[in-house]
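Contents: one structure, followed by commentary.
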Amino acid sequence: MKVSVIGATGYTGAELVKILLKHPQVEIETITSQSFANKKISEIYPSLITDLVCQELNINKIALSSSFIFTALPHRISMEIVGKLHSRGKKIIDLSADFRFIDPLIYEEWYGTPHQKKELLKKAIYGLPELYREKISRARLVANPGCYPTSSILALAPLVNNDLIKGNSIIIDAKSGVTGAGRALSLATHFPEVNENVRAYQVKGHRHTPEIEEQLGKLTTREIIITFVPHLVPINRGILCTCYAALKQKTDTKDLLKLYQDFYKEEPFVEILPQGRFPQTKEVLDSNRCRIGITVNERSGRAIIISAIDNLAKGAATQAVQNMNIMCGFEETMGLIQ
Amino acid sequence: MKVSVIGATGYTGAELVKILLKHPQVEIETITSQSFANKKISEIYPSLITDLVCQELNINKIALSSSFIFTALPHRISMEIVGKLHSRGKKIIDLSADFRFIDPLIYEEWYGTPHQKKELLKKAIYGLPELYREKISRARLVANPGCYPTSSILALAPLVNNDLIKGNSIIIDAKSGVTGAGRALSLATHFPEVNENVRAYQVKGHRHTPEIEEQLGKLTTREIIITFVPHLVPINRGILCTCYAALKQKTDTKDLLKLYQDFYKEEPFVEILPQGRFPQTKEVLDSNRCRIGITVNERSGRAIIISAIDNLAKGAATQAVQNMNIMCGFEETMGLIQ
Amino acid sequence: MKVSVIGATGYTGAELVKILLKHPQVEIETITSQSFANKKISEIYPSLITDLVCQELNINKIALSSSFIFTALPHRISMEIVGKLHSRGKKIIDLSADFRFIDPLIYEEWYGTPHQKKELLKKAIYGLPELYREKISRARLVANPGCYPTSSILALAPLVNNDLIKGNSIIIDAKSGVTGAGRALSLATHFPEVNENVRAYQVKGHRHTPEIEEQLGKLTTREIIITFVPHLVPINRGILCTCYAALKQKTDTKDLLKLYQDFYKEEPFVEILPQGRFPQTKEVLDSNRCRIGITVNERSGRAIIISAIDNLAKGAATQAVQNMNIMCGFEETMGLIQ
Amino acid sequence: MKVSVIGATGYTGAELVKILLKHPQVEIETITSQSFANKKISEIYPSLITDLVCQELNINKIALSSSFIFTALPHRISMEIVGKLHSRGKKIIDLSADFRFIDPLIYEEWYGTPHQKKELLKKAIYGLPELYREKISRARLVANPGCYPTSSILALAPLVNNDLIKGNSIIIDAKSGVTGAGRALSLATHFPEVNENVRAYQVKGHRHTPEIEEQLGKLTTREIIITFVPHLVPINRGILCTCYAALKQKTDTKDLLKLYQDFYKEEPFVEILPQGRFPQTKEVLDSNRCRIGITVNERSGRAIIISAIDNLAKGAATQAVQNMNIMCGFEETMGLIQ
């Protein structure tokens, strides 16, 4: 199958190229880059072993030559391009935030820009296979989840789905590596500002908050309101989400572990760790895995759920490939289990 | 004033030596080290500019020559030595956990060892100047607080003291640099295991939990139960505590900021940041400062309080010197403001 | 083919297991570990996805069940075990230093221990495929090169082989990540001692010096004396060798590049970078590649050759697999190109 | 004494402000910043405890109010401003490269811009106190040395001055922290590009090469040609220079140590380490010290000299203050020894 990657030279795009090069069922037809057109991607990412040359974006050409397209573009820029490709009948996975929301008003509020393709929002499927495998398999447009939402939703879905959480008690304290902020330069990601430092950011509201709330809300009948605080830690890759939730009724760790194991028992990429073990970011590096550790703090009646993913992998590129596998009828783990 | 440091070659002890060397009112009489007796401390810490030589511990000699003594020893080892020094009438600051608890049963439960000096527990003052300045000024034995408790208690004291927090809703998600684990070797602090990694540890219960609870409990009439999860991040020094607490009544950020500013208005080392700003660990590095940022998440009715300290400074050595200044009638900031 | 790994829980052993698990022609029969016998290796290295359990070493059992054995043990411990396995007719790759030297006296001088298996030294082939592919293909015992020697020898072989270097002018200034020091605990690899620090070590003589000299010496008729200074930098994996050598005659960068390109033109894992480009450690991470950049400093008449490898990969585990492929008649790149 | 800092918000300027705030003999009159005019510097550097507000540059005002001025500006921008201040009779320390060279042609060749103030080059003194203390004490304009030159020249001066080095055999392999590249954003200093990576840069020629050569050349009668290769390592602060030089005659380590100890015996900030010890960057962090370790590799007849400094301190800001102390007749170590 011929695939293209639009926006191949951001960290996510390049990771996607790396994974697709090893995928047995696909051939990369075109990669595009606005900043590095006509350069080999191996000049920009010397660890990539390929002769692929970045092209300027030519939607017609891509639509003609490719049957599957990944868009790894900044939000707002993505929606136009996705719209055109969709109207040509292409299968698309969009890695931006542009098609992640059902409600365009929420998008517009948090992303500060009007949504130009509202009609497509209804057709887009949220690409978290653990929740929407069936719909993804029939979708033509999949909105690949954000990195924080992937790790947060996987950590909390079993509890929310079983309506075990009190009121608005969910707190997600997330720690992320710096690639999550992308390759665009900013003082906040300048080496001496990040190294030997830890800080919270967007404490008053991060765009992934409504994404998590909308998705968790779909698992239950009531509105979900969370408190989400992201932190930047001096590592390249990895997200650790420490989630806290007050339990409606007395439950012990064993019960909760069983609930999680059952919920994810068919999942190839979600692992519930044995009692007493909690994941480190290092152990899911470069993999499509999400690992989850759970304990109940009985004194406070609160569950603590810790999930770890690689933000560029399960949080972006490998999850996109997992979605592609499902959309195309390939083995779901193809190209993802080494 | 002649002072001695017992246990000078751990990270805390060495930091204490560094600070004391610059203090205008003290002269270091003796430093001891079990592992490095008869070696210059500058051989072990080449950044220290001093000819001080580590001695074997001789309590008699130290009691005779020094009027003020710091003990920076592992818990359990400390209590015996402190006991002997105390009975000689010395002023002591103990940096271990041995004298931090009022209730010996709590100590024995969490530290897994019988307490040999229960009678001294009543005489020891918990050395957090922001809460106990008066008592510290009259104390002969001060138990220097733990690093996590220092940052956690300072972050939460104004809320607890004003009884603004609902039930057991306090959550402290703490991130610490690796010096907090000390200089003793362990796989958990071996460079390749920490670098490019983030993890939670002692999720089911960390020894600083009861210390925080006891101290916060003293500020109110009811029992305080917290949820405390520490994390290890790949930096040398620094603690960031992200604290969450459900508010009893509708309060906005401005009100809370005012409350905190009033609570700490006389404090030379606690700074409440302006609305919208939150501290980074880097900005309190090598200082006795604790910086605190606050916001109210109105959707969830929850306060988010973020505090940053340097775990070896305000979390250990410089706080000890602040306590010494108070105990000895020196200017409280002496040797601590550069 | 059934293979075993003796000493599977050091960093090198675990990396070897990771690679072998993906190799299409091998099945791992037994892994051994003294420290972690009867534990799953996935408990020690949670990123490894396998049910393999570490066994105590039983040479008989391994000799019966496996046709190919890797020994990833500390030097001195290795020689006995290799001896026994060799006498059972097994094919072995030894990753220690025990069989790297032709001259046992040099081994004994630098490793401070008598060599118990001198007769085997003559049969062992130094496992650098780029120099000894032919001999490796016929060997039963291969001594896998050290990490520094791999990157140093590959950087200098074309010059030495063509006798282009003046006298004893070779200088190798090497920078290594911390996994090169292994998983054994030491203050030198304790996180706070390495992080935010750079230092040289074993400046007066590192054990890899005679290994490099012996191998380079075999490429020429004269004795080679080098100056080698290793440095520890705060990264997990990677070696950068900056090599300096005074040229016998006026040569320009272009000529030298051509010489190197010709020398390595058939090599699947050595890449000579285009003029003006020099490798970074990051670009060879997790790969069996060695990348080399070259320039001639015409003012001083000196060549500067910079090589980068991953110390655990081309510097240890993947090079061992490359050697296995050659010894067993598999495609040389099998399991090594992703 | 009233001093001003022009360009106070780069890493060097801010470090200078930090040092000057603690200096007992100076009062900071004005600090300027083009990018952050009218902002408190404590907003840009929250670790600075001061109410100083950045001003737009007004040369007249500064010349009237300040008797001593530091310029911490990019090269080329500096020369104009220094020219104007000099003509007003001010004492100036320029931290750019604009006045470091005697020969304007060398400046123009390496910095790619014409020199507008050639007449001032003759008046400017190169601010390395260990070589030019006398001249500095009488100077009105001091050119503060580059960071690499400071550590390189101090490492090599005793050998060059005694004419002990063969031909062009000097090699300086330097490793620097990232603050050396300044606060301006670039992909090369974007966190994920630096972290977990080591690389050489400007291998074919770095601007500090001619600076080192000119200064070492002044210590001898012959032209000095060096080979200098800088490397970027993932730390914030610190330079380690590993210097290699072939010795003209057989010399042992002891002799060389004695030579160095004698050469620097009056120096408060240069320390020659005992035989067998070599400096780490960590041990000179935040200090004006340069530490040097030496060994002779007798097999190759080559001296290895390793020097460590803090690039922002002895490599920039504290060395500037040391120069100010000399120029103003203050105790040379004032404000620099904590």
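Things to note:
In this document, chain identifiers A, B, C and D correspond to the written order of the chains, with residue numbering beginning at 1 in each.
Criterion: a contact is a pair of C-beta atoms (placed from the backbone, for glycine too) under 8 Å apart; a residue touches a chain by one contact, two chains touch by 3 or more.
The model shown is predicted, which means the values in this text are computed figures rather than measured ones.
Repeated interface: A-D and one of C-D, B-C or A-C share more than half of their contact pairs by residue number, and that pair is B-C. When chain centres are defined as mean Cα coordinates, D lies farthest from subunit A.
Centroids built from CA atoms put subunit B at 39 Å from subunit A.
Here the CA centre of subunit B is 38 Å from the CA centre of subunit D. Note: centroid distance subunit B to subunit C, computed from Cα atoms, is 46 Å. Multi-chain contact residues of subunit D (touching two or more other chains) are listed as 195-196, 234-236, 279-280, 282, 285. Residues 168-169, 171, 173, 175, 193, 196-201, 203-204, 225-227, 229, 231, 233-238, 240, 242, 244, 246, 276, 278-282, 285, 293, 295, 297, 299-302, 304, 306 of subunit D are the ones touching subunit C in the complex.
Contacts from subunit B toward subunit C in the complex involve residues 11, 177-179, 183, 185-187, 189-192, 194-196, 234-236. Against subunit C, the residues of subunit A that register as touching in their complex are 22, 46-47, 49, 195-196, 279-280, 282-287, 291, 337-338.
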